[in-house]
Structures are given as C-alpha cells and as structure tokens.
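After this come two complexes, each holding chain A, first together with chain B and then together with chain C.
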Partner chain A sequence: MVATDKIFSDFQEHSVAEFFKKNKQMLGFAGKTRSLTTIVHEYVTNSLDACEEAGMLPEITVVIAEIEKNNSYRVRVEDNGPGIPKKHLGKALGMMLAGTKFHRYAQQRGQQGIGAAGCTMYAQLTTGKPVRVVSHYDKKRIECTISIDFKTNQPNIETSAEEDTDGSEHGLVVDGEFADVKYDKSAYGVYEYIKRTAMANPHATITFAAPDGENLKFPRSVEEVPPKPKAVQPHPMGLSTHDIIDYAHHDAQSTRISSFLQNSFTRVSSEKVKELQAIANEVDFSKKPSELEWAEAEKIVKAIGKVKWIAPATESIVPIGKRQIEKSLGGILKPQFLEVSERSPKIYKGGIPFVIEVAIAYGGDAGRNSENGGSGKSGDIIRYANRAPLIFDAAGCALTQAVKEIDWKRYGIKRFEEEPVTVFVNIASVHVPYTGAGKQAISDEEEVTAEIKNTVMEVARRMQHYLHEIIKEKDRAGRRKVVERYLKQLSIDLADLAEKGKASELEEKMKKLIENKYPSLMGEGDEEGENGNGGNGKGEKEER
Partner chain B sequence: MKKKTNTAGTLKQEGGMPEIKLKRLGEEMVEQVNANESPTFETLLRSKGNILFDEGRGYLRLGDKVEKRTFVNVGQARKFMQTVAIANKCKKFLKEGAHTSIRGLFYQLKFSLGEDLDEELFSEQSESNPLIEDLEVALNIKREDLNLSTDRKGVVAGALVLNDKFGGDETEIDCSKQGRSGWMIPSDVDNGMEFLSVDADYVLVVEKDAMWQRLNEDKFWKKENCILISPKGQSSRGCRRLIRKLANKKLPVICFTDCDAWGWYIYWTIKTGSMNLAYIAQDIAVPEAKFVGVTMQDIKDYDFLGKLTIKAKEVDLKRAQEMKEYEWIKAHKEWVAELNEVLKTKKKIEQDALQGPRLSFVSEYLKEKIGKKKFLP
Partner chain C sequence: MVATDKIFSDFQEHSVAEFFKKNKQMLGFAGKTRSLTTIVHEYVTNSLDACEEAGMLPEITVVIAEIEKNNSYRVRVEDNGPGIPKKHLGKALGMMLAGTKFHRYAQQRGQQGIGAAGCTMYAQLTTGKPVRVVSHYDKKRIECTISIDFKTNQPNIETSAEEDTDGSEHGLVVDGEFADVKYDKSAYGVYEYIKRTAMANPHATITFAAPDGENLKFPRSVEEVPPKPKAVQPHPMGLSTHDIIDYAHHDAQSTRISSFLQNSFTRVSSEKVKELQAIANEVDFSKKPSELEWAEAEKIVKAIGKVKWIAPATESIVPIGKRQIEKSLGGILKPQFLEVSERSPKIYKGGIPFVIEVAIAYGGDAGRNSENGGSGKSGDIIRYANRAPLIFDAAGCALTQAVKEIDWKRYGIKRFEEEPVTVFVNIASVHVPYTGAGKQAISDEEEVTAEIKNTVMEVARRMQHYLHEIIKEKDRAGRRKVVERYLKQLSIDLADLAEKGKASELEEKMKKLIENKYPSLMGEGDEEGENGNGGNGKGEKEER
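And then the complex of A and B:
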C-alpha cells in the first residue's frame, strides 16, 4: 500500500498535471472549435454516464454564452443525475487521472477519467479561473469552485455554500469560463456534437442554448434507461502497454506480476501465465506489479498476441438498440425512409467482442447541408463509439472508410456525395479499437471493418427498394415539372386563340390533368427542395 | 382594265378561312380541356416513312400516317405550347392584315416564359420552323395563308394580269408591261392576289435568269404568246404555286433547263414536287409539266452543240444513276434512255450553249421543239 502510494505520487509529480498542461492537445484541446466541443463532450459524457449508472433518465441542459466572440465563452452543463458527494468532487473535477472510472472496467463512453478535470485545467490555463460547481447529492447541496494545483495534481476546493436539502433535487451543475475557444455550426462544432449525441441517446432529453440565440431541445424518445454495462475484467487481447502499466501500478493486492495478470484480467489462468512467461522470457514474472516497466509491459503485450485465448463474455456489450435508434433518428431527422440493423456480436483480434449498429436515413433532414448555404444536401456519415459521437479525424477512421468503400450505386444511391442520406454507425465494445489517445477514430481492424461493411450493406439492401421508389417519384415529379413549366403560357394562348374560356380556368384544369398523369405518391411538399434553410428540424427549435 | 371581281374562294382570299380554322383549333382544344382531356391535335407525319409517290396524281405526297400532338406529355409539352403560341400569333397577323417572315414570327415569339423560369418561348428559329409546318398540315393550309411570307424568287413576263390587294391598296399588275426586269413573283400568289386575265397558250419555265433575259429581249413570250417564267434556279414556293395556278387555267407547262443533275432536279421538283414540301404537293406540284430541253438528243440534232458539251461531273453521273431508279422516272422509258445516254457519253450541256451560233438561236430552238412537241415527259 505504501509502496503503491509512493509510486503513484511519483508518477503524479513528474507527469500527470504538468504533463497534460504541456500536452493539452492530447486531451482534445487543439483548435478553437474543437476545444469547445471537447469541453461540452467531457461534461455531457460524464452526465450521461452518471445518470445511467444511477438508473435515471438523463436530462441535460447545455448553455453556452458568449463572453468575447470567437474567443471566450461560458459553458454551463446541468444534469439531473445523482450529483457528486463532497468527498469525490475534487477527484472528479480537480485531479488528473484520478481514476474514478478506471477501476470499473465496463463499456463506457469515456474511458480515461481525465475528462472533466481536463476542462478545469483548460479553464485555468486560458482564463485563470476555477470552475464553479453546484452538486445536489443525497440531501446535500454544495456550491464551490474547483481548480487544480498543477504541481501536486491536487484539487483546490473553495466551498461557498453547503446546506441540507429535502433530497428532492439532485444533479450536478458545472460552470466554467474558457478562452481560446470558438462556437460555430461546422461539422466539428458543439451544435453538431449535441445533435449527434441526442441521436445516439434517445433516452436522454438534451437542451441546448447556443450563443447565437438558438434554442434546441431534443426530447427523449424512449423511456427506459439503457441496461447498465456489466463491469467485467478486461480481456488480455484488448490491452495496450499503457493499460497494463496503469493496471499494474494500481494493483495493491498482487505481489507478483504472474498473480497480477491472473487477478486483473479475464480468461488468464495459471496455464496461460506460463505460456506468456515462456514467450516473454526476459520479463521477471515474480516482480511486484508496481515495478513493471514500460519495456516489460510491451513484451507482455507481444506475448499476449501469440497466445490463444478464450473469447470474453459478450454480455458486457450494450448496443443502443434497433427500436431506440429508430425512435431517435425518426424524431430528429424525420427521414422519408429509415432502416436500422440488428446484429449479434462479432469478435475481433481473436477475442474482443463488439457489435456494429448501422442506420441509414434518407430524405427529410438527413444528409449534410451543403457547405455554401444552398439547398443541396450531401451524404453524411455520423460515427459513434459506445454511443459517444466521434467528431474529429473522420478521414482516418475505419468507420468512415468502410462506409465510403460501399458501392452505393448498387443500392440506388447514385452519388453518395449529393444525396440526402445519413449513415449512422455505432461500435459498441468494451475495447473500442481507437487509433490513438484522442479517441476520435477507429483503427482498421480487419474484422471490425468487414463487419461494418456487411452491416451497412445489409441495411442498404433493405433501403434499396424504397430508394427505387424515390427515384421513380423524382422522375415523375421531374416530368410533372417539365410539363407545368409551359402551363401558363399555353393557357394564355389557348384562351386567346379560341376566344373562349379563361386562361386561369384552363390553367387550373390542365394542372389537374398533369397531376393525374404524373401522380405524386409521396404526398405533399415532397419535391420542393427549397426547404433546406440550414437549421430546420433539429429538434424543437425556437428563437430565444 | 381596273375591275374588282369576286370569284370563287372569296372566303379564302378575304383571309377568313385560315382565321376560322385557327380559332376552331383553339376551340377544340378548350373543349378537350373541359372534358378533362389533354389538349391534342393531329397532323400528318412528315418524315420520309410517310412520303409516297402517288402514281395516279403524279406527285410526291404525304401518306395517311397521323401523328398526335398532345400537351400532357414530357416529350411534347414544350412543342405543343409553342405550336399554340404560333397559331395564336398568326391569328393576330391575319386579324391585322400584317405579314411577316418566319424569321419575323420567331422574333415575335422569342420572349421569356416568366421571371421565375430561365427559359424562352423560342430560343432558335430552327425550333419554330417545323412547328409552322405542323400547323400547315394539321389545318390543311399553307403558311402563306397564315400571313407568313417566304423568300421571293422568280420572275415572270407575259399576258398575265393580276390584282394585288396589299397594305390597303389595290394594284393592277400587267406582266406584259414589266420591261426588262419582269414582275417578281411574290411569296404568296393566293391571298389578296387575283388573276384578272390570262391570255397565253402555254407557260415556259426556264432555269436561268440569264436565259429568261435573253428570251425577254427577243420578245419570245410576245411572239409565241406564252408566259415566260424563270425560277432562277430551284423554284421557290411562290413560283411553284404560280406555275400550278397557271396550269389550273389549262395552260401547258414546258420546262427548259440545263442537261445536268441540277437542271433535272429543278424540272422534277416542279413536276412531281419534293420530299420537303410533300405536305403541300397538291398546291404546288405540276405533274403535267413537260421537258423541252436541253436533251442528249439535241447534241445529235444540232451539230454545233457537239462541240459545246462539258464533261459530266461525278455528281451528275451519280445523280443520273439514282434518277433511273426513282419510280416516277423509271416509268418513263424516254427518261431512262436519256439518262443512260448521259451515263454512256459522260457529257452534259448547258442551256446557254444554244446561244452558240447566234444569240437568238435559242428562240428558234424552242420554237421548233415546242412546235413539234419534241418533249420528254
């Protein structure tokens, strides 16, 4: 215990807070727009996780107010979760790598536990101000400011109010001022992030008051809290060198590396440890886990890859669910057609289970609004890992690549770049194969990529029928329009030529004839094409 | 000799009939719309597949393949609207008694279909031309009846007197008093144009203007009591219509052209009509026309001509070969023999060559051949 504490504090002293202070881009603080999205992401993710863990339906309100345009903003995120008890507030918001999440090994959105503290750090670095927190937890209301002492990685908490309540209120409010950030409506901005979060979290009600005065509300479309992901021990196949080091240095019980491996990870028997030892023969498996070094951990990871493992249990995976996706996308995108996959878990890297969920939405507000503000739409790929939106690094992401490699023409989408289509892809897994620490892209694991493609194709096949209908209807509408162009002139000339009848009446009658010949099966307003005014249909929109 | 006679066909000449036909076309379409039908009209197909040689009548005419033009159809909507616009515009011309060319009509109708539509009613004349023909066929009237004028070409001299009602004036035209230039044949010889008297024995059509001037100077038409016409090459609609009308007065029509591909073509167009104008053949073809020369036989009959022949060009020979196969030519063995002679000797000869011995020889030549009825059919 003493030894462990010592090592951990050493680790903190020479790295954690100072390290991240110097390498804030590793936490997603790179670029003004992205930094703001990262802040919102960290708070919203924590709120969603906290609510779900407490079995509550999340209700989250995000308010961003401008302090100085395109530079500094105030961000306030409020949830109805259980709140945080006083003793944990510092760890949660004022300490880097405090590991509150780290000890529970389950499928979660954030897996690092530096998120909210990272935001505190960023507020301090850019505005010099601490974050303000109001926590209602178990009949207590605490109001305080929190900052981090970078030298010691310890929280500074200044409590301004502490009172007992009747417990009817619960939840957390985090409120900070940040500079070197920017709000915009680009694909990387907060607006898009919140919309995408709402799409993958139909059990949450998310309200967003944007600095430009826009108010969005995404009401929940399903009433049940997703099942709690079971905390499971990690499977060796999913471990990185960094993971093993962290686990080893946190393990206060095991005295040897061999027992640490057996105790910390699933499917590791004494037999398997022997196999590992045989391969990684330079590593002293009788060493204390707290003394495990990077090079040794690296060798263990290599050895793990050479040993055959029993696959981990799949019940650790919690997909969003077909019905849930149908509800959320149906409500938010209001597509003409929507198809959602429902597939069983697959395995990658020889033992890590994952589930791919794909939805394709066509028409309505699906697709990305064209960049130049026109009414045109382009195909949109929205990516998620464990229902957290992946906003950045799209080009380097296996999800994007797999979707782009589909021969969309085969499925009735002539030009993916020019059609109102949204492809929604979620990978659910305890070990999401991220490309890097930024956790914004999925690496190209053969089995994962293949499964994404198969799932997209399966859904696309079901869409095909509808798309053909849409194409036919477009064709009919096109024909209708061609004839209607000439209606007015003809009516004028005809009435004049015959010296009989009124042009307006002839026009009315002939319009009916045209509509009969080229009927619209899609109902009204199907072909207007002018209704894409940029911000429509994203939840209940109202001006402030 | 100024008089006003109302002969048969007054209605047409007064400009009433085409206007009524146009109005009726509109009325029918309005009725169709009221009966919840797409406005439609029928016209004869003018493509090659519907052009036939009518042996009994002796000219190329349209068959009876009918084409429907309808508005509520993607492929036809624009053209249909355009056709009705033309019909309406022509009705206005008729009402006002104003004439214009098909180019003028195009400009009258070249306007935007509306501020919100990036499209003009007509953007090119090539669009309006075939639609005018549609209307001509559908209503069984000529464009001249719609006050659409065509290019004037052709000249006439002889004992023909006409009354020309034009622009509110009436002018009497005596084609025997037109001096060296003759009377230029207008595009429309029907509407507002009345034959007061025709006092000639036959009509002589000569291919070239130069030859017409030669014969005019020789007072050939006066001496021979004929009406002397030159279409100046290929005949215009108005010129062919005038020849047809003179033929209707029982005047024989005799043609005099070069002995080459172009000359034959001019003759046969006058006689049997052409593919392009098959739709108005009954008004312009002159199947009873005869061919007086120049012929290959002339080279044998007039010694001096032998030295004045020209080597036939490839196109002449090719044309001769083709003509032998035309059913309306094949039926005349004299023509087959004539064309075979061309193909054999590979020679051609121009009508101007007949001025070889002396300028007025051509008059003597024509007088002799016409007198002896030495014609090819």
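And then the complex of A and C:
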C-alpha cells in the first residue's frame, strides 16, 4: 500500500464565493463582451424586480463609461425602487446565496441570490475595488462601499455617509469599476440587451448612456404596473416525499399532519385531507408533523396522485400580456405581420406553474441582419425568462431548440434562416429551470418544451394564412407578368397568321381574358400596345 | 412611498447544499436517464482519480440493480484505490465544496468537490436514505452511512463498524439507493457512459453488472499506470492582479516580494525577479508580501507581460497518449481508418496548460447508428475532459462546436451526418473550463477552441488522403461499370451496323480499351464475350 497521507493533508472546505471565483464562467463571466452584459443584466433585473415588488413603474438609468487610463469601465445603474435597508445592504450585494428571493414561491427575474454579489466579486477580481452603493430606503440615505471576503463569503461594508431624509427620494444606485470587459454593439452586447429588456418590459422607462457617447431612451409604452406576482404555496401535485418531510419537520405551528397539509399547501381543503386520509389509511394524520416518517410521507405522495385537484393557483404567474407585447414589438420592429399568443398557465414537474408567451413578427425590421453584411435577413429567436432577456447559450437552451424543431415549411417559411421573421418567446414561472447559475438557458423539461412548441405552432398557423395570401398574390402576379410579356408578340403573330392588321384588337381581347382570370392585379400593367398599331411580322422562321 | 418592510422580512442566507437542492439540474440531475448517468459519472471519476493519485492500476466495479418494490435503483461502485481516512470521509461524501482537489493545480477529473456529495443529496431527496460507505484506508476498515444536512451543508456520519486490518485490502465502496432514475441503453445511459470511459482509460479494468442482467467487462489493454499528474505552481503569464495580491497576502513564509515571487510561481528565477524589478521599478520588491497593494501588483502584472518566459511546466498535463488511444479505439471500433494526433501542450488564459487529443476513426463500427433505425451511420463526436466522458449538453459545448465548424467537405466527408466517422476529442488540463457545475460542456475559451480546430484539421488531412483513395477507387469502379453495362449492347449494335456477327470481337477490343484506362479494376468483371468472334464496324453514322 502506497503512502497516501499526503493526498489528504490537502483536504479543505471552500466557500461558495471561492467556488464561483474559480468558476466565473458559470456566472456568465466568460469573454469581455459577455461579462459586461452579465453585469448590466444582474443589476437591471434586480432593479425591475424591486420596483415591481413595491408596485412602482420602473425608471432605470444605465451609464457605462470607459476609464481609458486603466482600460476599465465604470458601470452605474440607478433605479427608483424602494432601496435596500442598511441591515441587508451588505449581504444583498456582498454575499452569495443571500436574499429575499431564494425560498419565495413567486415569479421574479432573480431567484438565486448570487447575481449582484457575483458582480461585486468581478469588480474586486478585475480592478481590486469594492462597488459603491447609495441606497435611499424609507427615510434614510446610506452611502457605502461593499466587497466580499471570498474565504468566508461574508460582506465587507464601509459606510461613508448616513443621513435622514424626508423620504421623497427612494431607490438604489450601484456603481462599480470593472476591467476585462468590453462594450460593443454586437448581438451579445449591452446595447442589444437593453433593447430586448425594453421590448419585454413596456411598463419600464430605461435610459442608457453608452461609452461611445450614444444616449438611448426607451420610454414606457404602457402606464400600468404589472400585477404584483403573489407568493403562493406549493401545489400538492408537485411535491416529492422529501419535500413533504422537509415542510413537515420545519412546521412549528401545526399540531397535526392534517392541519399541516392544509396550512402548507395550496388547494388542500379539509375535504381533500379526508380523501387523502381515506387512501393513505395507514398514516396517522393526527400525529405531529415533526414525527412524520419517510414511508408515511411516501404514502401521502401516492395518495396525492390519486386525488383530483384543482389546478395550481396561477395568480403567481404574471405574463407580459398580449396587448403589451403587441404594442412593444409593433413599435420597435414595425412588422408587416404580428401575432401574439394568449394561453393559460400550464404546470411542470407536477406543481410548478408557468406560462409561455410567443409572438411572431414578419417583415419590417423583424429578423436579424445577415452576418455576411448583405441586406439579407435571417430568422431571429429572442428569448426571455420572466421578462429578462436570455442572450447567451442559445444552442443549449430548450426555448431555442423547441423553436428550431418546428417544421417551418409547413407554415410558409421556406428556410427559417433566410426570412425576415422574429420569434419572441417568454417563459414566466415561479421557478424557471435554468441550466446554470448564469441563468442564460432553460433546461429541457418535458412539459415546458411541449408547451413552447404548441404555442409557437398556434401562432405560426395564423402567420401561415397571412404568408399564404402573400404567396398566392406573388404567384398570381408572377404568372400574369409572364403572360403579359408574351401578349403583344403573341397577338402580332396570331393576327399575322389569321388576318393582318387585327393584332391590337386581338391583344385587347386577350387582355380581357387575363383580366378575368387574375382580377386583383390589373391597373399597374405596362401601357405599351395600348394604342398600338397593328404590326405584322412574318415570324415564320421562328416557328419550328 | 409604499411600505416595503415586508419584502425584507424574508431576507435569508442559504447554504450551497440548499442551492443545489433547489437547482439539481445544474449538477446533472435532470431527467431520469441523465440522473443515473450522473451518479455513475461522479463515483467512477472519483475512483479513477483516487487510484491514479495513489499510483495504482484502477479496478472498478459498478453494480446497478433495480429495487422493484419501490421503483428505485441501487448503485454500488467499488474501487481498489487508497480509500478515504475516517477524518475526511463525512466531508468527502456529505459536504459540498469540500475535498482535496479544489485548490490543487493538477490535472484531475474532479475539480470542484461537489459531485459525490451531490449524489448523496440525490439519494436523500429521492429515497430519504443516506449512502452506505465502506472505506479501507491504511490499516482500518470503516463502515458507515453518510447524509447531508442541507441547511448547514454539514455531513451526518454514522459509523456502524470500525476495525483494524492487515492493510492488504484497500479501496472505497459507495452504495446508494436512488429513485427518479432510469437505466437504459441509449446514447445518454450508463452503458454508453461506461463504454466511453473504458475507451479513454485503457489502463483501467471496469466491470459493470447492469440491471437487465447483462455483465460487461472492459479489461485494461495497457498495463502502465499513467504518469501521476504533478501539482504545479501557476505560471506568471496567467496571473491577474487579484491573483498576485491573493497569493501575496496569504504567503506567511516569504519575507520579501522578491522571494514571494520565486516561491509561489513556476519559472521565476532570481534572474527573472531582477528583470521584473527593473521594469516595475516603482515597486519596492523588498517589502513584505502582505503589504503589496493593488497598484503595485498591477505594475508587476504589466512587467510580467514584458519579460520573456519559459513556457509553463507541462508535466502537470497527462494526455492519454497516441498509442493508448490507438489500442483502445482500434479494439472497440475496429475502424478501416484510424489516426490519432500527438501535439504539445498549449496555454489558455495566459497560464493554464492544456493538451487536445483528437482521433478520427472511419468505417468499421465508427459512427453512430442512425436514429431512424436504418442501417445507416451518422458522424459521431465523443468528447472527454481529463479522460472523463462528456455525454450531455453537446450543443452548448465548445468541443462539439469546434468539430462541427470544420468544413468536412474539404476532407472528403460530404455530409458529416451521414458517414461512418467517429471524432474523439479529449481535453487534458489542470483546470478544465466547464460551463456549469454539472461538468458536461466546455466553455468557449478562444485558445482552447482554436487548438481543437487545428488538431481536428491536422488529423482530418491524414484521413483525407485515405478517403481520396477510396473515392478515386469508387469513382473508377463506377465509371467502369457504366461503360461495361452498355458494352455488350453497343458492340452488338455497332457490329450489326457494320458487319453482322462481329459483335463479340468488337466488345473485346473495347474492353481492352477500358482496361487500359482503368487498369487497377480488371479481374472481377463478367466473363461474357471472352471467346467472342471479332467484329469491325464502320461507326460512321455516330459521328456528327
């Protein structure tokens, strides 16, 4: 046996901050352009979430400026949200896996409590500087710098000013310096990111001052705050044995399993508890939740599967809405055709509600400019999760895959890659199944993928009618052109063969014939031959 | 201002175990087949790492059995490695982000300290049971069960037996029960996973007892333990300002920056320190490392960029090796053509060494069976990172993308999707840039992607010569066949036109003509007309 003591002398524990410091790419810090987009993404989604949760119409200002002397960028994001109280400020921006969203069962853009702290990490790693924060919360104004101690995943907060206010101002300003980032106007850059955010958030006003001096403003096109997503209790259908045990053992209030079930989950009435008890009759529903055992919980799960349930509450899901998407895409893409789905929420993994929203825009500014720089367009898929744009990892995303698997030919799109078409897909859910902590792609959950396909197909069918009309029209126009092209010569030849001089009369007659066959198209045809003199050629030579 | 106190009353901190419990899909627990493969993957890679680190030829046994009564599977993985000492056993299997590998700068399959603890988590979540472990380490045998406390990310270990041994036995057995998993023989299943592991680890013997009763054994085809990957110090070229600060502030031994640089990084001689000092002359190299400031470290990084360095030590990188890959793929795929690259290590992000190994196999059992069940083959890409197969997330993986972006037509492959070709790619590195904690795809690092393409093209060029010969041959055979098909009839017709009865003689003459034009192909042709009588025709009519 070899000496292996040395191997284990290295045994260590690490903090989650150390993990993501070493694996920055998992948070989206891979490549300079992507890293800058990730920073803006994390701050802007937090701002939107905060405003909506407080029931305010978001006003967000993003300023990016280049600091030439050391090759870095300053990123400043300001919102008019509620701000963050002093007590939580350090952890919200300087500790990973801390926040208000992680355990809440409500639809929000953020759901992990990693993003903003990840940006603080990236500032420290690339410029050695903490982020500067100003928070107006309640009647306080706090100014501070925040950094992370990677070893412990604890925030370092240094308050530089703290004062009382009249409470009229509110909101958060985060301001950091970052190197190893780059601003560009590619499809992966901040510019595109903000444009896409505006598309899916017509209730927000977003202002962007770019480092190249450009100033953009996307004013809101809708004046209503979206309904506040309600935090809901889980639906029984989505529970695993472990979940039930977990909830039961952490329930300090309920004295019996029967009341625990009613208190902890949605749609569980006392009637339903009776039904469950009748099926899982070996389980003593009067015992304490803390004493529930695995085998018993397993029986409850089985019973849940046999009872009829009202579908999960869907007030936790707030889609963008058909009218909002129409306004927003209509204004930005000015397409010839635009259709938006409007479907009811579905459920995945048995209990997690979600809604898929799809819009298809055709013509106008729809589609993506072809990469070879020509004037050609190619089909574009723009993806969102809870209204936040997904820019990266398209190839590994279930949204992309579902759209690509559609047989577009059936819907009048010969080659998706070569048509001026934009497919807009948003998934709204209390828990979006991201493939990674960077939150840029959706995992392939069977029910989600199926619903995306169905929704796209539904909208595509409506587009098909439209395209069909265009094609028919084009077809008719094409055929008529061909006939007309030969009309005059044919008339001459025929007249020549029949009776000299009557060509123009013959042409007139045939024109009428065509007119009857392709009615909608007359009018703009060329005027030649109108008062034409009958010509006569011999034409004989051409015959054979 | 609305009341937002309620929002923050929810503020919580969470453990990394809770995070991955809620986001299981990020560890590869998404879908039943994939989940089972993930479990086997984590245990087998740990076993291989352990054996190699101890300098032993790995003997690994995987047993999967279905437990019908509760729809779960038992997975047992046994190895002949060094085992794990009692002190570390709980944390190694019951705590996330703990282990020996995270901070070590050496090539290993595992690098995060999450995988095995993730499997323990999955056992708990799906069956409520801890994993059972037997460890023979040194002269001890320990038998215990291990689970995770999710709230704290701390292991629960219950030892059921502990005894002294003579030390002749060594190794680890992990044995867990998992539900929400499925065994199948698809391209994503355990069967394929183990086959691919065997392909890239010809020094390991792997035995697999499948739940369908099948017993597989992949005996080693190579009797040498691969050279033990050495842990190396980082190369200066890969250091960021933050890295230097971080190393400096944690260096308790060195008394000056000059000695710190020599002690902490590879290739830094006292000569090099002098060169650096000459360039970064504002920095006081005699001060304590703990006092190094950001601006100073920044100057050192700039100086590093200006000095000429010997390339990073590459003894930390252990490729599989050309001969080993030939033996292994040759044996398993029995291809008509097989070529393996043999390139020197390259560097990414300035300082992380890696090697790309590519093999292309054509014909025989190479390629993937077409999905429509026909006998057709399609091109297959099999991916590895440090010899561990990457089975999932192919679309989002830089290895796949690099191979797909090759213009295969240039190398004689008309459509990659329709040819019996297997492209084998392995990346060996001290730090593999995975896109996620599930370690199934490689992030698109510029230098890595470029090297993959170059390596594939290098091997593809050699294949091209081979395919070119085949195509030429086929082409010749094809043309000859066409000519021959008409030969007889043509002879008859010509002869008929010229002089009756001479057809066979004419045919003979023409055959000779073809023979001269397509020499290599004669022999197997049909024998008709062999003893034909001579003919001669005028052929004039055919002229114009």
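We take it that the second predicted complex is superposed on the first by the 363 of 544 C-alpha atoms of A that agree within 3 Å, B and C clash if a C-alpha of one lies under 4 Å from a C-alpha of the other, contacts with A are read in each partner's own complex, and residues count from 1 in each chain.
Definition applied: contacts are C-beta pairs under 8 Å (C-beta built on N, C-alpha and C of every residue); 3 or more make two chains touch, one makes a residue touch a chain.
Keep in mind that what you see is a predicted model, and the values were worked out from it rather than measured.
Enquirer: Quick check on the superposed pair: does A:His170 touch chain B, chain C, both, or neither? Answer first, second, both or neither.
Expert: second
Enquirer: Answer with first, second, both or neither: which of chain B and chain C does A:Phe19 touch in the superposed model?
Expert: second
Enquirer: After the superposition on A, what does A:Thr152 contact: first (chain B), second (chain C), both or neither?
Expert: neither
Enquirer: Residues of chain A touched: more by chain B or chain C?
Expert: C
Enquirer: May I ask you to decide whether A:Gln233 touches chain B, chain C, both, or neither, giving the answer as first, second, both or neither?
Expert: Once the two structures are laid over each other on A, A:Gln233 reaches no partner at all.
Enquirer: Check the residue A:Gly55 against both partner chains and state whether it touches chain B (first), chain C (second), both, or neither.
Expert: A:Gly55: touches chain C, not chain B.
Enquirer: Touch test for A:His242: chain B only (first), chain C only (second), both, or neither?
Expert: In the superposition, A:His242 touches chain C alone.
Enquirer: If we count contacts the way the header does, which residues on chain C are in touch with chain A in the complex?
Expert: Answer in residue numbers: 1-2, 4, 7-8, 10-16, 18-19, 22-23, 25-26, 30-31, 53-56, 70, 82, 84-85, 87-88, 91-92, 95, 97-100, 102-104, 112-113, 124-129, 137-138, 167-168, 170, 240-242, 245, 294, 297-298, 393, 395-396, 401, 431, 433-438, 441, 443-445.
Enquirer: In the complex of these two chains, what residues of chain A are touching chain B?
Expert: Residue positions touching the partner: 479, 482-483, 485-486, 488-490, 493-501, 506, 509-510, 512-514, 517.
Enquirer: What does chain B use to touch chain A in their complex?
Expert: It comes out as residues 22-23, 25-27, 29-30, 33-34, 36-39, 71-74, 77-78, 80-81, 84-85, 87-88, 91, 113-114, 117, 119, 121.
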